[in-house]
Amino acid sequence: MLKIGLLGCGRIGQVHARSIAQTEGARVSAVADAFGEPARMLGNKTGAKVMEPIALIESADVDAVVIGTPTDTHYKFIHAAAAAGKAIFCEKPVDLSADRIRDCIKAVEAAGVPFLTAFNRRFDPNFANVHARIAAGEIGDVEIVTIQSRDPSPPPIGYVKSSGGLFRDMMIHDLDMARFLLGEEPVSVYAVGAALVDAEVGRLGDVDTAAVTLSTSSGRICQITNSRRASYGYDQRIEVHGAKGMLRAENVLENTVEIANSAGFTKSPAQHFFLERYEAAYRAEMAHFVDCIANSKPIEPGIEDGLRAQLLADAATRSFQTAEAISIC
Amino acid sequence: MLKIGLLGCGRIGQVHARSIAQTEGARVSAVADAFGEPARMLGNKTGAKVMEPIALIESADVDAVVIGTPTDTHYKFIHAAAAAGKAIFCEKPVDLSADRIRDCIKAVEAAGVPFLTAFNRRFDPNFANVHARIAAGEIGDVEIVTIQSRDPSPPPIGYVKSSGGLFRDMMIHDLDMARFLLGEEPVSVYAVGAALVDAEVGRLGDVDTAAVTLSTSSGRICQITNSRRASYGYDQRIEVHGAKGMLRAENVLENTVEIANSAGFTKSPAQHFFLERYEAAYRAEMAHFVDCIANSKPIEPGIEDGLRAQLLADAATRSFQTAEAISIC
Amino acid sequence: MLKIGLLGCGRIGQVHARSIAQTEGARVSAVADAFGEPARMLGNKTGAKVMEPIALIESADVDAVVIGTPTDTHYKFIHAAAAAGKAIFCEKPVDLSADRIRDCIKAVEAAGVPFLTAFNRRFDPNFANVHARIAAGEIGDVEIVTIQSRDPSPPPIGYVKSSGGLFRDMMIHDLDMARFLLGEEPVSVYAVGAALVDAEVGRLGDVDTAAVTLSTSSGRICQITNSRRASYGYDQRIEVHGAKGMLRAENVLENTVEIANSAGFTKSPAQHFFLERYEAAYRAEMAHFVDCIANSKPIEPGIEDGLRAQLLADAATRSFQTAEAISIC
Amino acid sequence: MLKIGLLGCGRIGQVHARSIAQTEGARVSAVADAFGEPARMLGNKTGAKVMEPIALIESADVDAVVIGTPTDTHYKFIHAAAAAGKAIFCEKPVDLSADRIRDCIKAVEAAGVPFLTAFNRRFDPNFANVHARIAAGEIGDVEIVTIQSRDPSPPPIGYVKSSGGLFRDMMIHDLDMARFLLGEEPVSVYAVGAALVDAEVGRLGDVDTAAVTLSTSSGRICQITNSRRASYGYDQRIEVHGAKGMLRAENVLENTVEIANSAGFTKSPAQHFFLERYEAAYRAEMAHFVDCIANSKPIEPGIEDGLRAQLLADAATRSFQTAEAISIC
């Protein structure tokens, strides 16, 4: 039975607590939060002890930590957990600075602790199915990856200010997905973007509508588009064109019902809320973490994947700012 | 070059004229109509002679006749054409009386002339594809056939009065389709129906909403529903469930465009107009007729199929009237 | 907090235990089973007491009972629970005999206890959405209901022997769904069927392929087909054609992925396993039961619905045996 | 009645002859070809005179010319037709050199003759429907356009050599479509590409797999992918994301049939052959040309559109060669 300590009892911490409850061989043994109330509530619900973060990390009753606290605290908790020899499940992004992520990598590698960077979308049953079938050779060598990723509605402007920008905050998921599906590292990044949804975003130097093109050394291509709004729900689609065929994962709709009338044939919108859309992904992600630790399997995506995605997001940001394609080494 | 004489220059006659123009190895050589104007117009358009019906049938310049005149004239034109040794393409229904169809069969068989009963839907590329794949064994033995057939809007009440009733006028297409897909003759018919669209139809003893169940001696089942209205276009769907799988042909939509917005994902309505919906079927039907004559192949559906469908429509009518299942021998 | 006692710790009892765990305001307080091991296991998992059935029913620690035991035990447990004044959640069918269900109704009505007949499909989010939109008038008056219901693979022949026959065992779900969607009571039933999957089923006097037609006094029609096999998964579709449009709920597929290659565009099969296909329905069903009791709302479907469905299944069986349409009063 | 002279009696010339036959108010009055046989055959079929090209252009029996000859002959025929005051329907590309197109523009403008650049895809009923609905404001301001355009199989290597490269030969259609849908002129072009289908293409300096990103001055974005192969047919999809919703046109499949079996649910491949896929577009394109001339309406796309698309193709080629984004003025 893997005893897990939760750092952060906010929305994402509660998601992970529910996932753990549905995972064989694991339980929440301790929780911590900067604020007393969320910690107390989650402690009651799970029966776990409420502790201070560092005490939790060092507790003998904790085998692994889930870091779901604000991004700027990841660095210290990763170092503390590595020092304590605990397995680490860390929300993305690992850090907004690639150099600081490199520091974390050193600490994690020195300690030899398991580490999962929580790119939850890799565990979505639909996207995972696409990945597995590429690996099984169903479409031959990958040639073109297309990712459409659009939020149902823009975040508050306050969030935008501290987000690191669309490329680091939102597109980072798609950049990781691109690496996951391309099967090769991108060597160049080209980005365009604009503030078409909210001019205030533009005044902050950020964008809410963007597109990126990645290419790999063998010539594989990935195109990504992002928008901070989509009237029809949370738009999350991928498509992979290979030498022998094409695989695509369509949106997950609210239900399977279709109405037919003089307007035509109408299906329901896509599921709106990311916690609902990716509920199965969060569960599978936690199950993977627990299984890898229990059975000493390598964890993917690891901390190196966290760094790679961050470097692509940095490059995309620079490409947008300079209007030039950026080479990645 | 097969020289075809057209009897009837109304809407369906014009359809056949266009089909002939697109068919290799055939041309319209003569046209006839009870009214002068339609005959003159179609004659101009096709370059064919305008003649009196019997003269047309007997003309040396006519190898085959297309009978597209009102149903109550079919009988005499079939007899005349058989007597003249001409191949016959006859619109459905052959006649509203099964006994009179039997008379026609005698005449046609005695003369040994080719005969096609124009159940155009058998030639629809989608339905024909389903039939061909059943024949190829793709779904194993047929078990359940489901046919949904709904007109976009009801005909004028005057038409209803002389139509022979929904089962003989509208469902006869589906009864032929059922025979086409079941691969066995139905041995029992059960029908229900009501006037849900227009109460006046009910006062005339007819229905505008109906359902039929057919079963064959080996236990295969077919369910059919008809409605005289469908707000979403001309609803024409078939589905065949077999031992190894299922084949279905969906509606033909106006276009492939889908709009996504807060209402969901909306595709266009189904094509509304039967001449548009079955344009390809009419063309393939004529091509089959011309090809069978040119190459001395057996024609399907023949006049016997016209009789069989009529007997099923009669049985369905009787079942509706008596509320009992009717056996067919 | 509603304290629920589970009678029956087999597959369906475990499903209900999981649903209760996800339902606010309810917990499993006691479990009982004819066998010791399943009861012990479920007791451990839920923390509930293991008791004898009648003791459980009468326990002060039990407010409501879930009857998930074999059908022939329902009668006695319903009477005991009614006598003890406990709310009742009873698996379908209530009983295989309509007269015995009428006895149960008397006992339940005399005791005034809440009763839910567990027709879980009414709670499927897709089918419930169709029902809600009919009620909201989106398609006008209902005219034609079509239900396709096909199991992925046949049950063991031993199960067939004691099942009461396809109409009472399998189609009863669809007959309840028909009532749910038609909005009127059927007044006639016509059934056909055959043993096309397994001849042994036919030798037992049962069928594995069947079709039923229902009609109501105002002329509404429902067609149902059942098959004990479907190579493409658990086929569960409904379609409702109304005066103003059509609503349909399509199958729930395993995932949203489509592969395109020279064979065409292929989506995954439908979910195969009924517990997976109806997982959300089981959860919503339990939530409805708990909510109705907590807030003194009327429960639907009630025990009367259990009787009505049984009467339709009886009539369908008789229709199949006599080859005649059966009137329902 | 518009008398049309056809220059070029090859495959595309025959397509236009068929379209004219189906267009009210127009007929083929003369045909010309560099080779005798194709001209003679098309002359026979249409009843048109066979002439030498320049004689045809200058003939009093020709009101308009359709230029369907090899690209390098367009220049002289455009000049001749403009000098003769004839309306011009010219296959794309107008010329492989932007400067020579500018010469043609001068000649056409000086003569004041109507001119259509045959970007047939604008007339596809599906794509035209998307364009019309954008214009009607159904999705608000356009933000992101995505175009997937993939041929079913690569052309002969000999064709590749003289094609001007993928960007000028194949993607030019998509670049015109991008302008058509964006509603603004692109101001920057970024292209990547590789020879993933056939290494020989790469040795010639060309690509068979490519992606382009366009952006406009207001920040609208278009992403295009091209491949010279697609096992599932002729892949032709567009998608337009706007402020209020999204419009997309899916592939046109061979038929509407779906088979369900243990592999899942399989629809037919997309139509493979461009003449079949765009048959309706060719017809609508010719009808537009004839209608605009008959009723003195402005023709779109005109010769300026031919130039604009060529400039984008040139810029994409340069971007691919330099790995830099190219600005367009």
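Letters A, B, C and D mark the chains in the order given here, with residues in each chain numbered from 1 onward.
The definition used in the following text is that contacts are C-beta pairs under 8 Å (C-beta built on N, C-alpha and C of every residue); 3 or more make two chains touch, one makes a residue touch a chain.
Since the structure is predicted, the reported quantities are computational estimates derived from the model, not experimental observations.
Participant: Pick the pair with more C-beta contacts: B-D or A-B?
Facilitator: Between the chain pairs B-D and A-B, B-D carries more contacts.
Participant: Find the chain most remote from chain C, comparing centres computed as mean CA coordinates.
Facilitator: The most remote chain is D.
Participant: Would you kindly tell me how far, in whole Å, the mean C-alpha position of chain D lies from that of chain B?
Facilitator: About 40 Å separates the centre of chain B from that of chain D.
Participant: List the centre-to-centre spacing of chain A and chain B in whole Å, with centres computed as mean CA coordinates.
Facilitator: Each chain's C-alpha centroid was found; their separation is 57 Å.
Participant: Enumerate the residues of chain B that touch no fewer than two other chains.
Facilitator: Chain B, residues with two or more chain partners: 230-232, 244-246, 260-262, 268.
Participant: Considering the complex alone, what residue numbers of chain D touch chain A?
Facilitator: Contacts found on chain D: 141, 143-144, 146, 148, 150, 188, 190, 192-197, 209-211, 213, 215, 218-221, 223, 225, 227, 229-232, 235, 239, 241, 243-246, 323-325.
Participant: Can you list the chain D residues touching chain C in their complex?
Facilitator: Going through chain D, the ones touching chain C are 230-232, 253, 260-269.
Participant: So in the complex, the part of chain B that touches chain D is made up of which residues?
Facilitator: Within the complex, chain B touches chain D at residues 125-126, 129-130, 133, 138-139, 244-252, 255-262, 268.
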